[in-house]
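Each of the next two complexes has chain A plus one more chain, namely chain B in the first and chain C in the second.
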Partner chain A sequence: MATITLETLTKQFDSTTAVDAVSLTINDGEVLGIVGPSGCGKTTTLRLIAGFETATEGTIQYDDEDMTHVPPENRNVGLVFQGYALFNNMTVRQNVTFGPKMHGVRKQERRERANELLELLDIRELADRAPQTLSGGQQQRVGLARALAIEPRILLLDEPMTGLDAQLKRSLRRELGELLDELDVTTLYVTHDQEQAMAMCDRIAVMNDGHVEQVSTPADIYESPANEFVANFIGTTNIVATNTLAGAVDTETAPDQGSTQNGHRQLAVRPDDFVVGSGPIEAQIANLFYLGEQVQLIVTTGDGTELTVHCDRFDADGLSVGDQITMDVETSRIHAVNETQ
Partner chain B sequence: MARISFSEARLVTEGFTLEYYEQLIVDPYYRTIAINTLWFGLATTIVSITIAVPVAHALAKYDLRGESLILTVLSFPNSLPGIVAAFMIIVLFGNTGLITNIVAAFSGRSPIDLAIATSVGGLFFAYLYSMIPRALLLLRGTYAEVNTDAEEAARSLGATPLQTFRYVTLPQIKPGLIGAFVLVFRTALAIFGTILILKSLLVWTLQIDREIAQGFNIAQASAMATIWFGFVFLFTLLALRYTSAEVSL
Partner chain C sequence: MATYDTGSLSARFGRQFVKLILVTTVIFLSLPVLLTFVSSFAAQWVGPLPSGFLTFTNWGDVIGGTGVGADVSVGSSLLYSAGLAVAGVVINICVGVPIAYAVARYDFWGRSWVNVFAILPLAPGIILGIAFLRAYPDLSTSGIALVIGYSLLKAPYMVMAVQSSFQSMELRRIEESSRSLGASWLRTFLTVIVPNAKEGIVAGSIICWTLAAAEFNFSYIVYSRGTPPLSIFLYNNITNASFLNAAAAVSVFFLLIALVTIALQLVGNQAAVRRL
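The block that comes next holds the complex of A and B.
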C-alpha cells in the first residue's frame, strides 16, 4: 500500500489537454473515486498513474518515491479493466498466478496465493476454467483476483462494472466495497457512475474538462457541491437564480460555497429537498413521472423557472399535470454555488 | 489437365499410363527440383514472416512517422507482377545495379564480384519482396484484433514488453501467424514471373514452363501441375485443420 500524490499532473495529446494540472492525494488505504463525464480526463489520469501514459508535466509519487517516468511493470499496480482483459489462453488460476510469476514468486507460493484469493472472491471452483466460459460477474472477480495477487501498492479500477446488469452491479458493489474495506488497499476507482462512486468510495474527485472540480466525501459533495458543474453532475439539482426563490425563503442566509462569480449568485436545491403540499412556493405541474419509490414532478414557478421535484409516491396521490401546487424548502437545504468556469 | 497427365500420348488425351508420375518419383532430376522448390519456399516463408511480425508489431504499437508512406511502400508489391520484382532486383543488385555499385565504391571491390541479382541470393530478395507484403497484410489484420487491454494488464502485473509479447500477444496472433505461413508458403510455391527472369534456381513452376515450351511435353507438365495442385490443397487443408486462421482454400 502507498499514499499516491499527483502534483500538477498534466497530459496533452497534440493540442488537446486531457489532464490539466491535477493535484490530488490518495491516502494510504483510502478508496478514492474519480467521477466525471466522458472525456473529462479520468481514465487518462488512471493511465498516467499506471504508467501507460507519460505525463507532459507534473509528478506522480508513490509515498516518497517519484514514479513519473517508471515503466508500468515496475510500479506494482493492480489494474482491473472495464472489459476485464483476462488472458484467454490461460486458465483462471494461470491468470491469477501470472503476476506473481512475473515477480519471481516460487510456483508453490503463487499457487497458494491464487487459491487464497479465489477462495476470498468465492470463485475457487472456477480455477481450471477458461475465462471466456465465465459470466461477466465471474470474469470481473477473476480480474480482481489477478490484480490483487501481486499485492499491489495501489489498486486501479477502471469502470469495472460497466456491462454488468443492474442486479449484479448492486451485489458486486456491496461485495467489492466489503472486500476493499477488508484488504485496506489504496484504491483509485474510476467511473462515470456517480451512484457507485458514492456507495463505494471514502472520497470522490469530480473531474471536468481535465480539471478536478471538487474532492471531498460523498456526503459533502452531494450536500455542498462546490460549483454548478458538481451540483449538476452529482445527483439531480435545480440551479436557479436567487430571485426565483426570493420572498419564498431567506436566500441571503443560504450556506455559501465560496464567493459568487462575476456578480452572479446561483442557488442549488436538490429535488428531494422540496416538501410538496404547503409552503410559500407556488408552481404548476408541467409533467409527472412515476419512478417507483418516488414520483418526479416537473413544475413551473411563477417566473417561468422549471424545477424538478421528487416526492413520496403516497404524497403524489391525486396529483396530475396542470395542477397548481405549493411547496416549501428549508433554507439550510439551499446552497449558493459558483458558475462553472 | 489431370486426364492428360495419364495420357499415353504427350500432346493429346489417349490411353492410360502412370509413366509421367513414375518419372517424377524416380528421376533424380525432378526430385532435385522438388527439393529446391520446398527448401527455397520454406526458407523465404520463414524469413518473410520473421520480418513481417516486428513490422506489424511496430505499426500496431507505435505512432511511426510517415506511417502511411511505409504502408504504401510495403503494400505496393502486392499489386506488382513478379517480372517487375525481378527487374527491380537486377536494377539494384545486378552488375550495374545501384546497390552493387554503392557497395563496390565503399569496399573497393569489383561490381561484377558483388552482383547477386542472378544468384540464389538475388532470387531470395526477389521472393521476400513479393512475400513480406502478403504476410504483413494478414498480420496487420491479426494485430488489429489483439486485446491491448490484456497486454497492458500483463505490463501492470510486472511483465516486461518481451514477456508480454511471449505470454499475451503471441498466443493471440498465433492463428494469424499460421494463416500467414500458409498464404506466404503457397505464394512461394506459385512464384513464376520472377524466376522466369532471374533463372537462378530450377523450381517446379519453371520446370512446368520448360516441359511445355522446350519439350512440348504437355502430359509431363500436366502431371507436375496436378502434383502441385494436390500438394498445395493438402497442405492448406492440414494447416487449417489445426488453426482457426482465415485463409481460404
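The block that comes next holds the complex of A and C.
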C-alpha cells in the first residue's frame, strides 16, 4: 500500500489535452473515486498511474518514490477492468497465481495465497474452472482476486461493474466495499456511475474536460457542490435564479457567493429538498414520473422556470399533470454555485 | 408480431430446396475424391466404374515404389513434402503470428500497408516461383527455396486465421492486465497472448500445411533435382503408371492430410477441454 501523489499531471494526445495539470493525493488505505462524463480524462489518469501512458508533464509518486517513468510491470499495481480481461488459457487458480509467479513467489506460497483470496471472495469452488465458463459476477471476483494476489501498492478499478445487472451491482458494491475496508488497500475507483462512487468511496474527484473540478467526501460533494458542473453531474440539481424562489428564499441570508446570470445569483437546489403541499412557491405540474419509492414531478413556476421535484410516493397521491401545487424549500438547503469555466 | 404466409412457395419448399442444393454440391465436390480412393482398391477400371475389389496391390506398388515407374518411392517423396510443409508452417507461425498481433493490437503508421503486404503473397505460385528463380538463382535448387516459397505463399492464410482470433479478444486489456501483474511484454506475448490464440494458430497451421504439402505451381518452377516434392512426383509419374496406381498415390496423400488435420484439431480441442 502507498500514498499516491499526482503533481500537475498532464497528458496530451496530439493537440488534445486529455489530462490537464491534475494534482491529486490518494491517501494510504483510502478509496478515491474519479467520476466524470465520457472523455473527461478519468481513464487516462488511471492509465498514467498504472504506467500504460507516459505523462507529458508532471509527476506520479508512490509514497516518496517517483514512478513517472517506471514501466507498468515494475509498479506493482492491481488492475481490474470492465471486461475483467481474464486469461482464458488458464484456470481460475492459474489466473490468480500468475501475478505472484511473475514476482518470483515460490509455488507453495502462491498457491496458499490464491486459496486464501479465493476463500475470501467466496469462489474457492471455482478454482479449477475456466474463466469463460463463469458468470459476470464470478469473473469480477476472479479479476479482483488476481489483482489482489500481488499485494499491490494501489488497486486500480476501471469501471469494474459496467455491464452487470442492477441487482448484482448492488450486492457486489456492498461486498467490494466491505472487502476494501477489510484489506485497507489504497484504491482508485474510476466510474461514470456516480451512485457507485458515492456508496463506495471515501472521497470523490469530479473530473471535467481534463480538470479536477472538486475533490471531497461524497456527502460534501452532494451537499456543497463547488460549481454548476459538479451540481449537475452529481445527482439531479435545479440551477435557478434567486427570483424564481422568491418568497421561499430570504434574500438577506441566502448564499451570496457565486456568479450571477441576468442580474440574479445562480442557486442550486436538489429535487428532494423541496417540500410539496404548502409554501410560497407556486407551480404547475408539467409531467409526472413514478420512480418507485419516489415520484418525480416536472413543474413550471410562475416565471416559466422548469424545476425537477422529488416527493414521497404517498405525498403524490392524487396529483396529476396540469395540477397547481405549492412548495417550500429551506434556505439552508440552497447553495450558490459558480458557473463552470 | 410478424406473421408469415405459410402457403407461399418459399415457406413450403424453401428449406427443402436449400437442402437439395447443399447435398448436390457436397456430392459433386466429394465424388472425385471418393471415386479415386475407392478405385485405389480395384484391380481394373475398364467400364464406367472400377471393378475387381478388393485388392491392395496398388497401395503395395505405391508404398513400395515399384509400380509408378519412378526412381524414388512415393513414401520418400511424401515424407519430403510433409517435412517441407512443416518447416513452412513453422516459419509462418514465427512470422505470421507477430504480424497478425501487431496489426490487430497496435495503431501505427503504415499499419494498413503491413496488412496488405502480409496478404500480398496470395499471388499465383508460378509468378512467385519465377521471381524467386531470378532473385535467388543459387538458392532455388535446394529444399530451402521450397520451404521459403511455401511459407511466403501460405503466409496470408496464417495471418488471416490468427488475426481473426486476435480480433475476438480484448487484446489491449489482456496485455495490460498481464503487464500490471509483473510480466514483461515478451513474456505476456508468449505465455498469455499466443496461447489464447491457439485455435487460430491451429486453424492457420492446418490450412498452410495442407496447401503447402500439395503446392504444385511453385514447386514445378523452382524444383530442379533430388527427391521431388509429392506434387511433382505425382505429375511426373501419373502418366507413366496406371490410373489405379496413381489413385493409390493420391489416396496416400489424402490420408496423410486427414491425419494431420485430425491431429492438429485434437491439439486445439485438447486445449479447450483442459480449460473446461
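Throughout what follows, the second predicted complex is superposed on the first by the 328 of 341 C-alpha atoms of A that agree within 3 Å, B and C clash if a C-alpha of one lies under 4 Å from a C-alpha of the other, contacts with A are read in each partner's own complex, and residues count from 1 in each chain.
Throughout what follows, contacts are C-beta pairs under 8 Å (C-beta built on N, C-alpha and C of every residue); 3 or more make two chains touch, one makes a residue touch a chain.
Every value quoted in this text rests on a predicted model; they were computed, and no experiment measured them.
Colleague: Will chain C clash with chain B on chain A after the two structures are superposed, or do they fit?
Modeller: Overlaying the two structures gives a clash between chain B and chain C.
Colleague: Between chain B (first) and chain C (second), which, if any, makes contact with A:91: first, second, both or neither?
Modeller: Touch status of A:91: second partner only.
Colleague: After lining up the shared chain so the two structures overlap, which partner does A:274 touch, if you call chain B first and chain C second: first, second, both or neither?
Modeller: Neither partner.
Colleague: Once the structures are superposed on A, label A:146 by its partner contacts, choosing first (chain B), second (chain C), both or neither.
Modeller: So A:146 meets both chain B and chain C here.
Colleague: Under the stated touch criterion, which partner chain does A:222 make contact with: chain B (first), chain C (second), both, or neither?
Modeller: neither
Colleague: In the overlay, answer first, second, both or neither for which of chain B and chain C A:130 touches.
Modeller: second
Colleague: Does the superposition put A:189 against chain B (first), chain C (second), both, or neither?
Modeller: It touches nothing on chain B or chain C.
Colleague: For chain A, give the residues common to its interface with chain B and its interface with chain C.
Modeller: Residues common to the chain A contacts of chain C and of chain B are 50-52, 71-79, 81, 83, 85, 87-89, 98-99, 102-103, 146-147, 150, 156, listed in rising order.
Colleague: What residues of chain B sit close enough to touch chain A in their complex?
Modeller: That would be residues 147, 149-150, 152-160, 163, 167-168, 171-172 of chain B.
Colleague: For the complex, which residues does chain C have touching chain A?
Modeller: Chain C residues touching chain A: 170, 173-174, 176-184, 187, 192, 195-196, 198, 271, 275-276.
Colleague: Can you tell me which positions in chain A touch chain C when the two form their complex?
Modeller: Going through chain A, the ones touching chain C are 50-52, 71-79, 81, 83, 85, 87-89, 91, 98-99, 102-103, 130, 132-133, 146-147, 150, 156.
Colleague: Which of the residues in chain A come into contact with chain B in the complex?
Modeller: By the definition above, chain A touches chain B via 50-52, 71-79, 81-83, 85-89, 98-99, 102-103, 143, 146-147, 149-150, 156.
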